[in-house]
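Listed below are the structures to be examined.
One chain, chain A, links the two complexes that follow: it is found with chain B in the first and with chain C in the second.
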Partner chain A sequence: MTMTQPLTADGVGASARRPDADAKVRGDFAYSSDLWHDAMAWGATVRSPHPHARVVSVDASAALALPGVHAGLTAADVPGVNRYGLEKRDQPVLAEDVVRYVGEPVAVVAADTPELARRAAGLVEVAYEPLPALTDPERALESPALHEGGNLVRHLRIRRGALARADVVVTGEYEVGMQDQAFLGPESCLAVPAEEGVELYCSTQWLHIDQDQLAGCLALPKEHVRLTLSGVGGAFGGREDLSVQAHACLLALRLGRPVKMSYGREESFAGHVHRHPARMRYEHGATRDGRLLYVKADILLDGGAYASTSAAVTGNAACFATGPYEVPAVEIDCRSVYTNNPPAGAMRGFGAVQVCFGHESQMDKLAAALGMDPVELRLRNAVSTGSTMATGQRVEGPAPVAELLRRVADRPLPPPAADDPRLLPGGTSNSTRADRLVRGVGYGLSVKNICKSAGYDDYGTARVRLFAHEGEAVAEVHTAAAEVGQGLVTVQAQIARTELEVARVTILPADTEVGDAGTSSASRQTWMSGGAVRAACLAVRARLLERAAALLGEPAGALTIGGGAVTSSARSITLAELLAEGDVDETAVFRHRFTEALDPETGQGDAHVAYAFAAHRAVVDVDPELGSVRVVEIACAQDVGRAINPVAVEGQMHGGIAQGLGLAVMEEIRLRDGRILNPSFTDYLIPTTMDMPPTVLDILELPRPDSPYGLTGVGEPPLLSAPAAIAAAIRDAVGPAAAAALDRIPMTPEAVATAVLDA
Partner chain B sequence: MTQFLSAADLRHAIELKAAHPDATLIAGGTDVMVGLNFGHRQESRLIDISRVAELREWSRDGDTVRLGAGVPYTRIVEELGGELPGLARAARTIGSAQIRNRATVGGNLGTASPAGDALPPLLAARASVEVASSRGTRAVPAREFFTGPGRSVLETDEIVTSVRLPVAAGPQQFAKLGPRNAMVIAVASVALTLDPEHRRVGCSAGSAAPTPVAAAEAEEFAAAELDWTGGELPAPVLARFGGLVAGATSPIDDLRGSAGYRRHAVAVLARRTLTWAWQELWRS
Partner chain C sequence: MEAGESLLFLLRERVGLPGSKNACEQGECGSCTVYLDGTPVCACLVAAGQAQGCEVVTVEGLADGDELHPVQEAFVEAGAVQCGFCTPGLLVAVHDLLARCDDPDEPQIREALAGNLCRCTGYEKIFDAVRLAAGRSR
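Then we have the complex of A and B:
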């Protein structure tokens, strides 16, 4: 482990404080829902009540007859191509002749007040002719096509090695429900018509991909669609796809007036993609002494009505279907399909979360069949540097999987339950007592790719300007990278302080006036935009040294920067003096190493930039009669390469664990005939402080050879194996007979109680 | 636009309600505002009764507590744990601290949800609901107050002024089951009271029928079968008691739980609350 001291106060490695921390804690921080323009009108959306229907007619005349209602737009009003999408532009901005899911936007209206806009939306008359709805993904491939080309979004096969005869074989079928990102700041934006085109203030994960899609829909050159990031209230993948953006721009351009759109919680459930529900069939073969011989996996992902990122999620689910284990032979089939359910897309963990529940459930089952300790079985098969993954890719860089697992397993266990009601299942609802509980311990190991994969030419761009202000050098950093709450603005400033050794750094608002930063997802942004900021700083440094060399008459190589000055053996010149002849302004583009696409027949190839690993141990108390669960403690060990900001890393771990706990025991979007039954926080439950247990965090820093400062992305790993570990702990608590029926997450109290009763 | 009328005192509130029987009373607003925000209700007129002092008081008269309809749950927890332990226990399970600071028993009665957590303790304790209008006042037994989900015997011009409950004559329990450890709507709940002197048992279940229900048969069974001189609680008695309470319910399958699970949970919670109350009785 290397823990270099930060060179500069609040530089790389320091737990520098977020610039927006105080405002957020006080409630002063302006989120996109707080955007305001005195002249603005409000937009509202008319949505399909049908999972599948022909749109016969749309009539907005009753809405437009209301005083104060100014526009009612349909597909015919989309000036450009009425399609958007991250991988495939298959999703209409406003539905044309068909709607494919409940909640699909059909028309938008604008009015003087939000209440009026909502009323006007209710007055838009849409005539539908309902069509048979395809809501069971198992039936997708044999059902009439919802899109040209059929209902298969992607089928990825991975084949490696020959399936050998195994001493012990375990099979299992597992299911993961549809999880919502549940970011607390619903979709909102403000579109302002400009002399040329439109200016859009919005919360998003990736400004440039929004810009690209919007330009196509609006039939404007990209440079006439200018985006500025506004306060983002969480993202978790749910802001990768467009939501309000195109609608607000359409209305603003039509009216020649700023238009704001802002969803409420219920509409937000219809307004963004969700985590893919998954059905997984597994077969693991192993030797009697617990060495994996082969894994067969058949995975079906419900992609919902439009493609979004389904193809990439399919890729991830397939690539990580076997987990962080050495498996000589694999036979993996992963399919994503179109249905008339709400579209599924990116969510923290991106396909790896679902399969982690599958492969970890299998490892526990295998351990039980072998009569082996589940930790020991995992240790015996864990990958390490030099191992080969299912895709044939060699693991380069640190892979301390066994070490991570040992660390969580070696932690002392928390004391047994006491009769403090706040710590029992049910909390203060007084449904149980300590003597009615059973305790369980479970483990989860996980792996996921960091950065974009499969040949994608991914990069980040940063502009750094160094100038003198009041006799002091100030660095100004400008990127388009989205601060979504993860602390990127803090990290960018830390990097500039470290590289330029200046105390004062200003981070400009993220916008499209600077080059593409790529997305704030795939745990990539500190690596990619951090890398770009670093590269730009190094270019600024080089220019400074050149200037100093000329002034001092010494070769640049003989000079050092530090303490606000450039120094040679003989002389020194302050940065402010050097900058008197002009600012130093450099833009740099940073790329990670090249990856390749997977072979379409065998799924083999070096598709990933890097792997990140995490281990979880969950301790739970279960009330078997009622099925209620209290997670007592979660231990998580994660290798982060280098903690650029240790407190921010801990924050990611806490948040990831909470989100994983939610998926494990309560979070699920429930559907009937394609309709979301629980689009509110009354019935879509996310963990409260009474559900979140104490965490024990272990942050390893094994530097990577190929990333800025040796860092590894940290956003997703702490979620990945949390649900699997909690599920394993619940099974451990209720015993093997009941555990056999617990093959689905979230494991609700009813599911647990039913499994216990039936056992 | 919604007209907002603020009642200065109880007489004023009664007058306003008589003049505007279609208006909605708003006390803590924790149900009304949710309805408004979701657009589930479009109120033309709200009558705010949160400033009516008479509704925000409680008093004790011998063996009876008169609890004003507008006393928020936080105060019930803090001030009435001794007199009304069952209701105080239930109040503790409601919402979050912020909700408990605003929300009231009057509002729980007004909403008349089968999942209202303050309601089973009222039924178990055989409370009576006091109602006023310009036509006069009347008292309705809590067990006869509800007529269906969201429905009660309350007339459009009436206001719940208070609830009269007997001061606890013995241990009282309330237990609630939900799929989360706080801030959750009950999947099932049970309230139980013991009155050793009169050898009476009160028991009621929530979230398991169109209204909160009293388990009369179970109450009589337990009153007869319990060894009030201090004996053990025989397992068959417990089991039968749980079965009878569950038998008093008529749950449905819905998003929050299946009928079978609710019935099972009611039986479990009934057995547990009786056990805990019995233990408490003989511990003291």
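Then we have the complex of A and C:
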């Protein structure tokens, strides 16, 4: 395809200013938690304190007796089907006879003030009969079924090639803890009853799938459930599932009054799904000279109480279990199971993060067993264009895996730690000295699918209207695509500027009045909604040229658009003049190429649209006695195809690395008997400015042949192998004897110190 | 006003200034940082009654009419704003840092902003914004 050059200022390829940035820095940008309606009541949720229990009775009479409390609703008040879910509708809007996790919603109340609503929720009396809780995923398949059909959500087998006898075999067992998306903006929304149905203003990653589920729960036709995206305070997968949406709509429709809901931080931990905790058993076989012969992997994902996206996460974990390496034979079994733990679902990286820690730990172990440099081993086995993945799919398009690794490996290493406590493990608590530290360097390589996979009919829709305003052509772009912070609104405007060569572009609020955009996840939205905006712009452009051709009496092919005018060899007519006879308004749907489902027996098939790759190098300092770790530097090299907005790409990389660092050394939802022990930012730690090291980015732009502008998705890859690289660096620092015990992330100071002590 | 209400609640729900944000409401994230008589505080940790008679400046008070404050402009230009939920608190914290020190080095910047969590940016562009604003104000 021909590349569109950034002819217009702030077009494709420029680090254009975010259209929402001014409002955001002024404090004027309306996040869902800022929404206000003069007549609104506040909703609050009554949640289960038990991981598994029979609900004997729910009595809201004491709550309703409080002046100012207007509703107390239970499952019986759900007018439609009391079930929702992204892949399988197995989750009740409000619990019926059974609760399956701590925090499951049982009832909702509405009152005049948020404080009163919380008090009312506390007065709802629920009688429970506790049942035995299944909290160990290893026991799920032998335990009584939590759902009809048993406790297996999905088992994906991948079989390819024959396992050969290997010179060297390494085995390992690895574990990944439960990570939280920890977006800062709490779940919140405002539901407003309308003449027909309800209008909902909410923060979500996918308006139309919310609409679809809500229509079913509320027993309303879809067109009577109208959603508008409000400001979204981060998402990272945690806003794919419904949270407050159905509850607020139920209350608003019951009261005939607007209802706002907004969680506090503790409730937010119960209010959204988390990253699947994983247990992985691996066996790698290789030749003496370091060629992989086979990989066996057995992966167990704790899906928690409801299905959410567990089936797709299982698919991803299985597909990428061997990493970006050529492996002639694979035997992969990946299972997700129901338990009475909090539900797990989408989080940035979506199954590929967990297995990356597994396959990269194995590569290091194999390198050690072979006496080979870990970079050399990876280079020797890295996939490239034309390679075959574990699922039998050929890698099409750029696959510069070896190049990415070389780039991070060839960088100079940072200098030794200065004796400034702010730069040492433990920071200003001043718990160590530079001369007590050991330094380590580790590497990670990763691969993940971009866009939806396995035959899903994925598309984006965009409407672009070009009209004249004060003598100037203005483009108006309307999609339902969710801006969650990533900068999609900027990219949409850039594409319109480039394709229509206009300076003024307005991005309308995302809502369900325009066609489905699909989800802001799977690193797909710039590709899909960007592609749709481009297609709509091209349609607008064609209509403009037709109009100009008629007016100028020349064939459309002889005309060019630029500088606010359509020009022929002889004459020129301004866009504003052309638009005087009416707006040009076009809607386009954009699809990526067809994919196929994986074979249920062998797991073979061309299931993915595209693969994206990243390489990380981490440098750490460790105090071996205390186990404290400081990440000194992270380098990341990533192929982005084409950087539509370079500053936004860098922002995605920095942010992804930070979340990877969190998973590597500090972030874990700790559970006891299914209960979250640390549902606050006091106890669930995410990286601060003191935890983040300088990050060094290396962005490759190798255009893809099959995507708009040659781009590929950039959101997830920078996270994928960051934890694996940091873990490898910690192991490198403490030495091989202690490293063997470091098989779990996050690698806490306690785990590191214990491993050193026991070595 | 109810007893026990926080300054943050007062600002957001009663005064109509929702710019200060409610991400953790226990003083860990800094999203609600405001000036209270010239000192940056987490508005969620201040009881509304404690602010009686005090001057409060929130993110809404940083710009001069249509003109962004240089710190705000630097955040926009540097790409320090993604979802933007942490931004109001960070702007106040950076505003305060640069008022105290017009040429902070990187460890100083990191330390000054250690009480402000950001989940999107990994902080790098925020540091860029601080340096950009500092350079322009000198």
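What we mean here is this: the second predicted complex is superposed on the first by the 748 of 759 C-alpha atoms of A that agree within 3 Å, B and C clash if a C-alpha of one lies under 4 Å from a C-alpha of the other, contacts with A are read in each partner's own complex, and residues count from 1 in each chain.
Rule of thumb we're sticking to: a contact is a pair of C-beta atoms (placed from the backbone, for glycine too) under 8 Å apart; a residue touches a chain by one contact, two chains touch by 3 or more.
All values reported here derive from a predicted model rather than from experimental measurement.
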First, second, both or neither for A:Thr682, with chain B first and chain C second: both
First, second, both or neither for A:Pro19, with chain B first and chain C second: neither
First, second, both or neither for A:Glu625, with chain B first and chain C second: first
Chain B versus chain C as contact partner of A:Pro49, first or second or both or neither: neither
Which of chain B and chain C A:Phe236 touches, first, second, both or neither: second
Partner chain(s) touched by A:Gly264 [first = chain B, second = chain C, both, neither]: both
Comparison of chain B and chain C by chain A residues contacted: C
First, second, both or neither for A:Thr428, with chain B first and chain C second: both
Chain B versus chain C as contact partner of A:Met690, first or second or both or neither: both
Footprint overlap on chain A, comparing chain B with chain C: 264, 428, 680, 682, 687-690
Chain A - residues contacting chain C, complex: 15, 17-18, 20-22, 24-31, 33-34, 36, 113-115, 181-186, 231-236, 262, 264-265, 420, 422-423, 428, 484-487, 647-648, 650-651, 653-659, 680-682, 686-690, 692, 694-695
Contacting residues of chain C [partner chain A, same complex]: 2, 12-13, 16-26, 28-29, 31, 58-60, 62-63, 68, 72-73, 75-79, 81-88, 91, 107, 109-111, 113-127
Chain A contact footprint on chain B (complex, rising order): 34, 37-39, 89, 92-93, 96, 173-187, 255-258, 261, 264-265, 268-269, 272, 276
Interface residues, chain A side, partner chain B - complex: 118, 264, 266, 425-433, 436, 625-626, 628, 630, 665-666, 670, 677-678, 680, 682-683, 685, 687-691, 748-750, 753-754, 757
